[in-house]
């Protein structure tokens, strides 16, 4: 226990938490900015091949982080097509990988939330003169509980993810070590108590972030 | 490439795929059986502390698989409280860990899908004489798109998960090796092409499972 | 009563199964896959290999979740015995570590004769160095080398990864960094590491100029008096079999066809004893 | 004046939504087997009253008896199954028309009574639509499905909230005929409507709600023709024109 | 007979839902500035016709002109913004009543016109509810919000689908007064209703739909009092009673 306390007073812990939030926050932002509009669109319009797109998105929710990590790694590797960017083993690479993992979750669950809004509501909004984008935004606000859940699920998926960030970040101390990779490290060392303690920290961080997200959802009502 | 082909013809591959489906399928079944009714209930009733329960569920979506794995490992370890069961390093342990990971996803997303069903629909069902459970079931059917998405997201989350199954299953060849742990193994060995190929197999398996799930959703309409 | 309760909480012995907790290097190199079938036939049992980090392997043993552990962290192994989780440790085999680095070799270590000197040169040049940073046997060896050179590595050039050997080599390859690797993993992966060269350690263990780079593997059967749930019978048989000259001979031959040199060198007392008359 | 035992009794019932009192009824009795029309302007509390009678909400103050038993928590399933509502804005389930009609029977575990359902479909002109998805129907069709669905399981008490608002004259007649059939069988009916003429055609007694208060209650013809309260007269006079 | 330029022109318009023809109109013209009542029994296609006129759906066959331009794909935003519908089953957004009224202005980027909104709230008796969440309103209140929301941005064409189905006489009058105000300003109105009396009070011309077909169309009084088609007479006769 005293070991835990010493561990927790380490300034590195703060830095690890900060990097975790920065990477996951940025990835979530990217995935949201891309995934919410696309999910909304897919939920709103009917088109040929919709079923296939749905299937692809749903399957994307099951992309193994390790495979995504490998893919990003091979792309960013110095012998890969994007090697010149020099992103490998930097937080940027981790953001890219997590954004890819988060995207299908955000888009797929937003789609199902938007599709759950009564068609009559959409017709009403259309008849009041809303443009395509305004319609989408209005329906999104009506579906905000489901859209928030989509973002929450994606956040949970990537903040707890380790396979991809380990591969493309390298778990470099002081550089690219986040909470999950630190947990894995302690686990491999047999330091189970420390690993569990960091797990608790991670869960606390996720809890705090969700409090904020639900606040935001509440705000949207008063628009 | 020829190496890939040889790899794919290995009978172990079939066994690994079968075990993956068995473990993830059983875990998903457990999580669904527990999570859908609980999520439905939470989405239907209003009670004090609901906000907190929501937050806890949402936070649960971000439970790091490694931490869940560690927790299950310590519980099932022969010096742990459930050691007598002798489940450690067996598929059963993997099922337990994955079910824990899947549960908050199923319950949380079901909750938000059910909450999205118009209150008037619930009142209508109540007024027609449905019992609590019948109401819940009826509303679930009305929210089936969202509930399916919840199950799909949970499925995607666990079939691609590696941290927990690695810890509690031990990645024992022929016994507890699933697709993700095999992918990690190959990655660790620098066999990137093989790892990627197995990733493709995993994605194909997930795609097939989603086809089935969407079929099932279609069936429910005709109830 | 409390003791009875503890005993009752123990997992039942699974007859016919031996749980072997070991480090990833023994498994990833393919050694276990090559030698274990013989033992499985001999004892008519199944061996479940749990390949994890060294620390984790020992911890699994400490909790009685494995019947036998095979690791390469001598000091930690001694501690394991001091804590009564096993009664004895047996030498099994050894191989060696090598220092690899970028082909350009900015710290000019290729000409050095010892790891101590090489590390000192790297630190002086502040050339990138990738460390396992995971408390593994390899990292323990690395730390011992830094200590012998009176150095405490720190700074942007020193990257502590907290990953396995394979991953660390991958990072070093990308970042053109030096690293300490066990020879087996290096040999197995060097085709995929175009930016790295072996700079210190020679072409085989016989040519390794630095004895400090030796990597010793030991095996321990978990003590059934402390952990009644273990399959002590099979564990005992396994240890006996592993150190037997016949098995040791197979270990010595492993890797010859693929790499032209063995990956592991037999090191058990019985093997050494059996070699004496031959000399 | 009580001629039949009370089906519902309300005493000092108040209902609030966030501070605002929308219902404030000193005393009201609805007798077994009678049809009571609840009339009143938009927002006067008609639908709220029906929600209380359907046990969907509990009054914030006062007491409500159903069948001489005080309703202080959700009634037992078999009790509340005796009452059903056709809502002002009916919702149909995402199933076929026929499956919607069968829903009430289905939850009661009753063998499917196909003859009864066929009878209702025909009586309300819905037979050709039996297999259509209910949510694709027109406004008036949905309203008829909702009524048929409520009648299918023979409720003792029928709460009707503007049941013909979306119907044309011919369909109004079909609906009213069915209601009369149930009246003859002794079903208690509470009919919220803004159509005075409908109240006159169907109800034994009428009650006028204004701002949540019962202004006047009495036998329909008497009350509509000789209202004693000036507010009642004012409300009724508009109806002669619109 | 064309006295004003056509607002809408329909030629051989058919509309199907999954094989079933629900609308089949040989030719119909709606003139600029006129009010056309569309009457007909439940399921005859009134709402479907309005959906086509609102460009929500494209006819499965035939041609539709709006303002002399053929509508073959979704019209440009500024064209379709000239038309709005008050639906038979109006949906309000999960916002305050006031925010619902402002929605049409908001999407057009118009400065918020608070005076106009206040005027509408008062005219429809909704002022006390301005800040209430719109989804908690009563049936008639929601119907009035939907009308006010449509009027707030001064549409050229107003499609009204049973706009007073849920209203009591006094509120019917408020709504009809507002409609008359717009008629005076030259707004084209298409009014789907099952209330013959309302058609008589508001419409210049009336069209009777039966099974998707226009049976008769003509000046309201003339058509209602001296219908030439027996089917029209049969439909109207029911209305004398219900």
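Chains: A, B, C, D and E, in written order; residue numbering restarts at 1 for each.
Please note the rule applied: contacts are C-beta pairs under 8 Å (C-beta built on N, C-alpha and C of every residue); 3 or more make two chains touch, one makes a residue touch a chain.
Not measured: the values here are computed from a predicted model.
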Among the other chains, which touch chain B and chain E together?
-> A, D
Any chance you could name the chains that touch chain A and chain D both?
-> B, E
Could you work out which chain's C-alpha centre is the most distant one from the centre of chain E?
-> C
Where are there more C-beta contacts: B-D or B-C?
-> B-C
Taking each chain's centre as the mean of its CA atoms, which one is farthest from the centre of chain D?
-> C
So, what's the distance in Å between the C-alpha centres of chain C and chain A?
-> 37
In whole angstrom, the CA-centroid distance of chain D from chain E equals 29
CA centroid of chain C to CA centroid of chain D, Å | 81
Approximate Å spacing (C-alpha centroids) for the pair chain A, chain E | 46
Sequence positions of chain B contacting 2 or more other chains | 118, 187, 192
Which chain C residues touch at least two other chains?
-> 52, 164, 167
Chain D: which residues touch two or more other chains?
-> 89
Pairs of chains, among all present, that meet the touch criterion | A-B, A-C, A-E, B-C, B-D, D-E
Give every residue of chain E touching chain A within the complex, in rising order.
-> 51, 54, 56, 77, 80-81, 83-85, 87, 89-91, 93-95, 99, 103-104, 107-108, 149-150, 153
Residues of chain B touching chain D in the complex = 118, 120-121, 123-131, 134, 138, 141-142, 221, 223
For the chain B and chain C complex, residues of the former touching the latter = 77-81, 83-86, 88-89, 170-173, 175, 185, 187-190, 192
Given the complex with chain A, which residues does chain C contribute to the contact?
-> 52-60, 62, 133-136, 159-164, 167, 171, 174-175, 194-195
Interface residues, chain C side, partner chain B - complex | 8-12, 14, 19, 24, 28, 33, 46, 48-52, 63-65, 164, 166-167, 169-170, 188-189, 192-193, 227, 229-230
